[in-house]
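Input: a single structure, listed below in C-alpha cells.
Letters A, B, C and D name the chains as they come in the text, with residue numbers starting at 1 for each one.
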Amino acid sequence: MKNSKLMNSFKEAISDINDGATLIVGGFGLCGIPEKTIQALKEKGTKNLTVVSNNCGVDDWGLGLLLANKQIKKMISSYVGENKIFEQQFLSGELEVELTPQGTLAERIRAGGAGIPGFYTATGVGTPIAEGKEVKEFDGKTYLLERGIVGDFALVKAWKADTLGNLVYHKTARNFNPLAAMAGRITIAEVEEIVEAGELQPDEIHTPGIYVQRILLGTDYQKRIEKRTVVHA
Amino acid sequence: MLNLPKGAVNMKDTRLTIVKRAAQEIKDGMYVNLGIGMPTLVANEIPADINVLLQSENGLLGIGPYPIAGQEDPDLINAGKETITTVPGASFFDSAESFAMIRGGHIDISILGGMEVSENGDLANWMIPGKMVKGMGGAMDLVHGSKRVIVIMEHVNKQGKSKVKKVCSLPLTGQRVVDRLITDLAVFDFTPEGMILIETQEGVSLEEVKAKTDASFMISPSLILVEQVK
Amino acid sequence: MKNSKLMNSFKEAISDINDGATLIVGGFGLCGIPEKTIQALKEKGTKNLTVVSNNCGVDDWGLGLLLANKQIKKMISSYVGENKIFEQQFLSGELEVELTPQGTLAERIRAGGAGIPGFYTATGVGTPIAEGKEVKEFDGKTYLLERGIVGDFALVKAWKADTLGNLVYHKTARNFNPLAAMAGRITIAEVEEIVEAGELQPDEIHTPGIYVQRILLGTDYQKRIEKRTVVHA
Amino acid sequence: MLNLPKGAVNMKDTRLTIVKRAAQEIKDGMYVNLGIGMPTLVANEIPADINVLLQSENGLLGIGPYPIAGQEDPDLINAGKETITTVPGASFFDSAESFAMIRGGHIDISILGGMEVSENGDLANWMIPGKMVKGMGGAMDLVHGSKRVIVIMEHVNKQGKSKVKKVCSLPLTGQRVVDRLITDLAVFDFTPEGMILIETQEGVSLEEVKAKTDASFMISPSLILVEQVK
C-alpha cells in the first residue's frame, strides 16, 4: 500500500476527471489553492464542471483560469467579487452561481464528508438565500435546512504529506482544504514536501490519510498574494 | 495595533469618528471579529492596555500587525486577503472550525459594515439588486453567531438619504440581528422594546439625528448625560 | 487578559457548578478523563447532575465516583457496561439513562458547540433509539433527526495548555475532549503542563483558547488502565 | 499482527475458523475497523504481506501491536480499552472526526460480532431485553457508515438454536446493513435479491447448514466450486 497513492504526474492524477464532474476545491482567495492541479485541469480542458469553492480565483490565476477557459458550468461559493470574467459569464447566463454563506458552505462540505445529509442553521433566515429552503423551529427559533455536499473529486493543497496521505497544512492556507479532503469521493492532494510514513507526528496530522487517494509533489509554487499589506520598519 | 500602511489611515473624518467610537465597544479579554473594510480599521483604535484576540474567519485566532515589508507570507492572510502576522498564542484551524466558533456563540463581538439598518435591527450589507452580486462571505454567519453584533456605517448615503430605515429596501443579511448601530451621527441600541438612541456623536444635535433618520426610535433617558461626559 | 483563565484550585474552578447542572465530560473509558475535576466535584457534592459522557467510569474511579455518591440524575452515554453501581441505580430507577450511539453522541456535542441545533444521520434507523425521533428522507434514504447538546459546563482533560487556554491533547486521550470543550458554556480544562502563550505551535493547537474559560494544572495523575494488554519481549 | 498476549489465542476451534475466514476479507490497502471481542482477533490472521490500517473509533488510525510489558501508555488505548501501540503513519483525532470517517463512508470494511442476523441483513448485537443494557458504543454508526459490513458469529447459540434468523428477535443494531455473514458453518452474502449461501466451512455439509439456519437463503451457483478450492 505504502506508495500506491503517489502519482507520477498531475496529468495522470486528473486523467479521470471527466466532463460534468463535481469538484470541491480548497483555498481561500488565492491562499492555499491547489494551483498545480488547477493548471493541469486547464490543460486537460474538462468542461461543464460544477465547482464548490469559497472563491473563484482572479481573472488570470486559480479557478479563474478554468473560468476563462469556459470549463465551469456552475459555482457554489460564498464570495466571487474578485473576478471580472466571472461577472461577464454570470450576466450572460453562461455560468450558474449558488451563493452560500461561508460558514454554511464550510459546514455543508464537512457534513458531506461526515455522512450527514442535512443540518440546520440560523444563518440566512429571512434573507434571499432562505428562498426554497425548508425551515424548522428549535426551542422557538427558526433555522434553515442545509444539505451536505459530496464531490466526485476534491482538489486540495497541503504543506506536507507522508506516503500514506496524511496531511499537514501551513497557517491560514489550511482554510477549506481539510473539509474538501473529507468530501471528495477521490481526493487529490498536492503538497510542497512528501515524507516517509512516521515522519509526521501522529498528534499533529490535520488530515488523516484515509481521506486522501492521490498525492502529488508540486514545485515552484507561485502563491500569489492578492493584497500585499506591509509596514516599513 | 495593526500598524496600518501609510495611506490607509487617511480616512475621512466621519469614518474616523465611527471607527474610534466602535473601538470603545471592545473590552479586555474579548474575542473579536472585525469585518472587511472600515471595521478592520477599528483594530488600530483599540487602547494599548486592552488585550483582545482578533478572529479571522479564514482560520485564525490572534491576528497581529501587518508584516514588515519583505516578511509577508502568502500562507498567512486575513479574511480581507491582506497579508498579516500573528500574535503569541495565536491558533490556526480550518473553515468549519472557524464557523463553529462563530455560529456556536463563542465570538464576543462582531463589528460589521452596513448598507442599511432598519428599526427592528435588520441588516442589509451584501447586495444591491441590479448590480453584480459578489457574495455574502461570512457576514450572514457572523450576524447570527456572535454574542454581540455592532454595525458601523455612515448615517446617510452619498445622495444624503438616510441609511437608517424603517424597513430595509435592500435584501437582508440578517433579520433582527443588530445589537448596536454606530454612525457618524449617533449610536442606537436595538431592544425588544424597539430602537433606542443612546448617544449622539460630538457636535451632532438631536434634531440633526432626527432629521436624517427614517427609522422610528426612542430616546434613552441617559442620552443627555452621555453628551455631557464628552 | 493573559492570566485571568488560570484558576488557583479545583475547588475554585468548580465553585459555581450547582445542583441540577448539565455537564459534558471528556474521556473514553478512563482514558483522557478530567480526574482531578471529577474528584473536586465529588468533594463538593453537587447533586442532580445531568452528565453527557461516552462512558461512566468504573465503580471506584472517574464518573463512577459521582455515581457512587449519588450525584448523577441522568447520563447520556454510548456505553456504560463497566460499572456495577450504574446497573444498580438504573434498575432501581434512581438513574435515568439516554443511550446514544457513539458517533451520534460525538456529533451532537460538536453540533451543540457549533451552533447547529439538529442534524440528520442514518445511524439508529430501524432500532430502538429511533423511537420518538423525527425521520426524513434524503435521496431515497431514511435518516433520523438528532439534536445538538450544550452543557452548562464542560470538564475536559488536555495534555498541555498555554495561558490563553489553547490546548493540545496526547494520543487517544484526545477522544471527546475537544468536542466537550466546544459545547460547554463554561469550559474547565485540567492539564499536565501550562506554558506561556506562544509556546504552542499555532498549527498544532487542537482546541483554540476561545473555547476554554478556566485552566487548571493537575498533578500526580493516576491515569488508570482498564485493560492492560502487553506482550513479553 | 497484534501480538496477542499468551492466553488470548486459546480460542475455541469454531472461533478460530471464523476469525481465519474473516481475515480473508481484508485486502491490501484497506482501512479496517475491527469490533471489540472476536473481531479484534482477526488482526492476528491478516497475512504479513498485506498492509492495512486499522481504525479505532476512540480516535486512532493505525493500531499497532500490544505494547511490550512496561511500555504501556494509559493515553494510548483501542476501542476495547486495551493498551496498544501505533504503526508508522498513524494519526490521532477526536471522536467527531473518527465518526466522520465512519459515517462518511471512508472505512473500507468493518468486522463486527453478532447476536443475530436476519435474512434481509438486519443485525442485532447490542442488547438482550431483560438483561442490563450496556450500550451500543459505535456499532450503530459502523453498520451504516462502512463501505462493507461483515458480521462474524457462531452459527447457533449455546442451546443449539440458530442465530441466523428469518427475523431478528432481539432489538436491532441496524436494518439491512450486513453485506456478509461469516459463521463457523458458512458464509452468506446479502443482496437485493436476498440472502445467498456462498461458502460452507471445511467439513460442513450443505445439509448441516440448512438444518441449523432459520433464515431462508439461496445457494450460489459457485458454492461447490468454493468447496473444491478448499
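Here is the rule we go by: a contact is a pair of C-beta atoms (placed from the backbone, for glycine too) under 8 Å apart; a residue touches a chain by one contact, two chains touch by 3 or more.
Treat the numbers as computed from the prediction; the structure is a model and nothing was measured.
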Open item on the list: Between B-C and C-D, which chain pair is linked by the larger number of C-beta contacts?
Closed with: C-D
TODO: Going by C-alpha centroids, which chain is farthest from chain B? Tell me that one.
DONE: D
- [ ] Measure off the straight-line distance from the CA centroid of chain B to the CA centroid of chain C, and report it in whole Å.
- [x] 36
Task: Euclidean distance of C-alpha centroids - chain C vs chain D, Å - done: 29
Open item on the list: Nearest whole angstrom, what separates the Cα centre of chain B from the Cα centre of chain D?
Closed with: 55
TODO: Quick one: report the Å distance separating chain A from chain C, using the average Cα coordinate of each chain.
DONE: 32
Task: In chain B, residues with contacts to at least two other chains - done: 86, 92-93, 96, 99-100, 102-103, 144-145
Task: Touching two or more other chains - residue numbers and ranges from chain C - done: 107, 110, 114-116, 121-122, 169-171, 174, 202-203
Task: Chain-to-chain touches, reported pairwise for every pair that qualifies - done: A-B, A-C, A-D, B-C, C-D
Task: Parts of chain D lying in touch with chain A, wherever the complex brings them together - done: 28-29, 31, 51-53, 55, 60-62, 86, 88-93, 96-97, 99-107, 144-145
Task: Touching residues (chain side chain C, partner chain A) in the complex - done: 107, 111, 114-122, 136, 138-139, 141, 143, 147, 168-171, 174, 202-204
Task: chain A residues within the chain B interface of the complex - done: 28-32, 54, 77-81, 87, 90-91, 97, 99, 101-107, 109-110, 121-129, 159, 169-179, 206, 223-233
Task: Touching residues on chain B, where the partner in the complex is chain A - done: 3-6, 8, 56-60, 65-84, 86, 92-96, 98-100, 102-103, 122, 127, 132-141, 144-145, 171-176
Task: chain A - residues contacting chain D, complex - done: 1-2, 4, 110, 112-116, 162-164, 166, 182, 196-198, 200, 202-203, 205, 208-211
